[in-house]
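Per-chain numbering from 1; labels A, B, C and D assigned in written order.
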Amino acid sequence: MIDFDIPADLAALRDEIRAFVNDKVVPYESDPRLTRHGPDDGLRAELVELAREAGLLTFQAPKRFGGREPSHREQAVLFEAAGWSTLGPVALNCAAPDEGNMFLLGKVANTEQVEQFLLPVIDGHQRSVFAMTEPGGAGSDPNQLNTTAEFDGTDYVINGHKWLITGAHGARTWIIMARIAPNPHGGDGPTLFLCEGDTAGIELERVMNTMDRNYVEGHGVVRLTDLRLPASAVLGEVGQALRYAQLRLAPARLTHCMRWLGAASRAQSIAIKHARERTAFGKPIGEHQGVSFMIADNEIALQQCRLAIWWACWTLDMGDRGTGRHESSMVKAYVSEELFKVADRCVQILGGIGISDETPVGMIFSDMRAFRLYDGPTEVHKYAIARQVLR
Amino acid sequence: MIDFDIPADLAALRDEIRAFVNDKVVPYESDPRLTRHGPDDGLRAELVELAREAGLLTFQAPKRFGGREPSHREQAVLFEAAGWSTLGPVALNCAAPDEGNMFLLGKVANTEQVEQFLLPVIDGHQRSVFAMTEPGGAGSDPNQLNTTAEFDGTDYVINGHKWLITGAHGARTWIIMARIAPNPHGGDGPTLFLCEGDTAGIELERVMNTMDRNYVEGHGVVRLTDLRLPASAVLGEVGQALRYAQLRLAPARLTHCMRWLGAASRAQSIAIKHARERTAFGKPIGEHQGVSFMIADNEIALQQCRLAIWWACWTLDMGDRGTGRHESSMVKAYVSEELFKVADRCVQILGGIGISDETPVGMIFSDMRAFRLYDGPTEVHKYAIARQVLR
Amino acid sequence: MIDFDIPADLAALRDEIRAFVNDKVVPYESDPRLTRHGPDDGLRAELVELAREAGLLTFQAPKRFGGREPSHREQAVLFEAAGWSTLGPVALNCAAPDEGNMFLLGKVANTEQVEQFLLPVIDGHQRSVFAMTEPGGAGSDPNQLNTTAEFDGTDYVINGHKWLITGAHGARTWIIMARIAPNPHGGDGPTLFLCEGDTAGIELERVMNTMDRNYVEGHGVVRLTDLRLPASAVLGEVGQALRYAQLRLAPARLTHCMRWLGAASRAQSIAIKHARERTAFGKPIGEHQGVSFMIADNEIALQQCRLAIWWACWTLDMGDRGTGRHESSMVKAYVSEELFKVADRCVQILGGIGISDETPVGMIFSDMRAFRLYDGPTEVHKYAIARQVLR
Amino acid sequence: MIDFDIPADLAALRDEIRAFVNDKVVPYESDPRLTRHGPDDGLRAELVELAREAGLLTFQAPKRFGGREPSHREQAVLFEAAGWSTLGPVALNCAAPDEGNMFLLGKVANTEQVEQFLLPVIDGHQRSVFAMTEPGGAGSDPNQLNTTAEFDGTDYVINGHKWLITGAHGARTWIIMARIAPNPHGGDGPTLFLCEGDTAGIELERVMNTMDRNYVEGHGVVRLTDLRLPASAVLGEVGQALRYAQLRLAPARLTHCMRWLGAASRAQSIAIKHARERTAFGKPIGEHQGVSFMIADNEIALQQCRLAIWWACWTLDMGDRGTGRHESSMVKAYVSEELFKVADRCVQILGGIGISDETPVGMIFSDMRAFRLYDGPTEVHKYAIARQVLR
């Protein structure tokens, strides 16, 4: 039956995470190692050790890898708590892109691949990238994938240009999407490959300047030149890259939503405090409806986003109700647009403070802007939703 | 734990209601007795008999009065199904204002009052009014109540002017809010009174022309002139009218939301059909994103409204979580604004058809406009929400 | 040079029109002959005589037909004043569809046609219709025109089904769009025909119930059955109907905008008065920002719409700058959406009064909803604008 | 009479400015000296010399100071052209805050002050600051001014804390607002003072990190400690600071709007190019209405902002129509909100590119966010507009 109860043990873990983030992680928000390109690897390493000490590192991992294996709905509760600081998921090792990559590798990687590429990420010692997007657009429309892999029967030789590759600088576990050209030795089509970041042929041309700041080491532009990988580097099956990307995407979209819900709640809490304390025209600004209505709109929007996420997670938890692709599209489109408005209103309430780094609100706003584009821009989701409805 | 499952027996009743509305009630939507002032009493009587035959009349009543006594969450599921036609709740006897009046009387009326005023409404033979609002504004701000009751120790003599009194024409059970003046014989303050509609002193001046059309017999302007009622006419306790109004209001707001969700879903279904069938510029209009994005926005909004309602109902069902006043304010503000947008988009998709009575969509749109004002305009709710948050 | 000055003589005529509408026409707004189908012909005739007495009837006509022949910019100023009451343009004989029809006939009709079909409309004794739209959609996409005209060398025989034909009931001058089938006797393609409304073969099936109420005699559904017209009935040239429709449309869209700007200004004036006088929570509601911000938004929107209209009119007045099609699309899309929001906010400010006929605001709101669809729905305009920009 | 014509000589100067910005300034947009804190003084100096060579430096100055003294409407045309690059106004020396400061000094400064403080700014060798805002809020509500000036009959001793002081680092001409305490030697109240930036007692504590990047040397936090200034340092009259701030503000708001209109037009031009060239799902993305409708919305919004600015400038040019305070409030509120939406849509059209520094669009978006707060947040303007309307 319809229920919104959070069981006591889940609430306890949520509160533990919230307290950890608030007490241990928030103080790092003004650390200079949180740069224009996000937290650097040094800051990340320090934060990860805090989470390890607290016994909370990678809490979302499957039990067979030492995690707590929360359901999607439980993740919704816990990731929101983690997102209270944008550095929270970095510390807890449940940030993008590692979180989604761990999820995918846990589903698809074979034993050797798990050992070499997944476990070091789960234990927080290494990071991972998912190298799909290209300058020509292989994000929203994966048919435009231009990176090629030539197969000679023994090795794949990969050439291409990738960009907006989150965390490329310094990551060890690389998942690379390339299109295997038709060949007489085996299958072809879009395929995922696994390799280490220092393999010859991978060159980080530069880290892009972007308006978001919460991804470790930012977003790289990567040139792949005659990157030679053995047949064993294929992740899962040949030609299945788009299916795996979808497999990763539905839950990855939702964990994005969860973390950002936490960040938006934080922004709202800062705006509320400001609205109570700051005065203008003779009274606290929160007593002017121009401000208080924004607070009310935020209150409603945050709750609606929470409900949306919980619902989509429930569809994923009920395995027999399909892939959750339609539901997660609806929720991603809705949540990203609404949380952006929440952050925008918080900036407005804070006035000049809001557009500065005096609080994390300005940073949350800018990151939220990017969120409306990551994992599919809103327009692509609406296109997919309508097609499903009009079918 | 968080859950969105609808148990099989609830789903079965929902489907029964939906089928009843679709098969038996929808054909009456073009009946000429559905006038500018809503369905008239003749049409209502005919519809009520259909529901009685179907065994579904007043299904929401408490078990002690012969109903099925659904929880608030169960109501959410069932009233949405009832709302598929705006005449559905009329037939099933779960429409405003009777539904809220029955709820209130079930909570507060004494045995004699139940017998005289409540049971004839539950069995569908009579209708009821809740005479609170006044031309000067005693709706959003009840402190402006100007109707007075003078107490001489035996009788109350009531004078005042009421308007927007839904269903006043022809209703037998009247609940009247008046302010008892300080007097030496007993208590004073805003108080509810019960009497029959043909009592001397109640005069229906006229029925107002309004843009909504789903309330039986429309909205009346009522003059109360020396309306003399015995002390036994007091409903509940003297001076408690505002508390009772609140008691009635939280669930009444939500049932409004549920019924309108059903109506908006209907509008969307008509828009979808049109988008599939009507062509422009060489393809179905649903293949133009200008249309399909509206369909997607509606799909998201309808689901979000459903989640909002379910959540507020859950807080009411969990009796220990307070009155649900804050939650129902959030949900009423959100749902009324969003469903209006849904209806507006459906009108737009239908083009010229949308602003006509060729489908019920135009009527739903106009009714939805009024819904943003009934039970507290959105601005009053935001004011209350913000005060709660900023406390 | 950029200038926003209104010369004294134009201002004087504007004030004269405004005073006429306010003093003579506004009192008719509660006349029972203003029905669900708009003002009836009796009310219209009475209003027209008032304008004739005032020397203001059909002031926009060309000088050769006895009018004042204002430029498009002058019309913008004058029609806004006329629109202060939705009955103002009816009285002054500058309402749709007659105003646009007179414009078109003045441009295209030959001497005999002027005599028979135009002059009686200009002098206010007859009304006219423009029978283009069809149930299948020949409004936004004229390629869908299904009404056919078979030509036997002597007569055209027209068959088809038209709907949303404004003012069909009682109109004498009919402009009918039909597609001439290829024939050995002459040209073919979409063509305009002129005939009188009582010609055999024209049957008014019914008047549609629509949410707008300002068009004389409402919108009809018309069956054309073997309507036989002589070759001389062709208006302008064979095959040029779409060009003429465009010729009519650009200015007709703008005069629509002007009249509605007047009506929206009226709604705002009523909302302002209410915001000053009505109190809630201890002060005039206009001192709550929830209300006052709506007043400010309206103030901005009304001025922006005025500027938009003036600008598009200027492009039309500068004949060498093209047809004004792009500009009038931009302005129609913008103005209709913005004025609808203005009316919506006025309804909200008025509360329960706003959704009733106690003031004209509710009626203006409903009419404005239709305005977003007439003369091309917003989506069709955006489509055209973008194509122009992206060319 | 209403007119939108741009005379040939004005158009020629506009085109000259546009060509200068496009050819000479745009290439500097990727210069590393354009930092998080805006262009540094070195970059500025280089750009200023380019404008000097082109004969366009400080073109807006009064003729008596060697400028062209354009009217407000002429400025509207020219500043929009200058804003095509956010570095354009920097080069041309018509950027905030110098432009507004020069305007104010030109109106109020005496001959000695002009010589010492204004002329070096006009000739581009020095920069200026307007030190009004304080951490406690003396921006929107100047009654909260906490910086004090004690007058001993000879000197003023100023103490206070200022922040968001644009261009503080390196500026030579300082205009400081402080409240003169009641004293026996002369007047008191909020007063403007002029001094040089290296005067003892002025300490730049830090430059703030903000999301905007187009103000030279960013926004400083300034501590004023026993800043001793002679009586001759008063700018204009004692106690008149708020009046002068208003005098500066109405035109300064408008020049802000003009420059940002240019920047938003640039963003739109980049988005249009992308929409034409980038393909997805088999065709240019500009052929998907999800994108093309954003292009159309932008086209409309840019034109509406232009009209709004022209209109407010015209009211300023007509000196007898008041201060333009109401009109400039309306226009600032409207233009800042609309141009932000334009920039936001351009980001969305560009996808991942839009949130990066690959084009200036992302930077324009972030700057535009701040624009909704500078010179009065939208809410303060709406408050003022409504008060004027409801008076």
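The criterion applied here is as follows: a contact is a pair of C-beta atoms (placed from the backbone, for glycine too) under 8 Å apart; a residue touches a chain by one contact, two chains touch by 3 or more.
Just so you know, these numbers come straight off a predicted model, no measurement behind them.
Novice: With contacts counted as defined, which of the two, B-D or A-D, has more C-beta pairs across the interface?
Specialist: Of the two interfaces, B-D and A-D, more C-beta pairs touch across A-D.
Novice: Of the other chains, whose C-alpha centre is the longest way from the centre of chain A?
Specialist: Of all chains, C has its centre farthest from that of chain A.
Novice: Report the inter-chain centroid distance for chain A and chain B in whole angstrom, where each centroid is the mean of the CA atoms.
Specialist: 43
Novice: With chain centres defined as C-alpha means, what is the inter-centre distance between chain B and chain D in Å?
Specialist: Inter-chain centre distance comes to 52 Å.
Novice: Go ahead and note the Å separation of the Cα centroids belonging to chain A and chain D.
Specialist: 37
Novice: When you check chain D against every other chain, which residues touch at least two of them?
Specialist: 288-290, 293, 379, 382-383
Novice: Which positions of chain A touch chain C when the two form their complex?
Specialist: Against chain C, the touching part of chain A is residues 288-290, 293.
Novice: Using the touch rule from the top, collect the residues of chain A that touch chain B in their complex.
Specialist: Touch list, chain A to chain B: 1-7, 10, 73, 76-77, 272, 275-276, 286, 289, 292-293, 295-297, 299-300, 303-304, 307-308, 310-311, 313-315, 318, 330, 333-334, 379, 381-383, 385-387, 389-390.
Novice: Using the touch rule from the top, collect the residues of chain A that touch chain D in their complex.
Specialist: Touch residues, chain A against chain D: 36, 133, 137, 139-141, 144, 163-164, 208-212, 219, 278-281, 288, 290-291, 344, 347-348, 351-352, 354-358, 362, 365-366, 369-370, 372-373, 377-379, 382-383.
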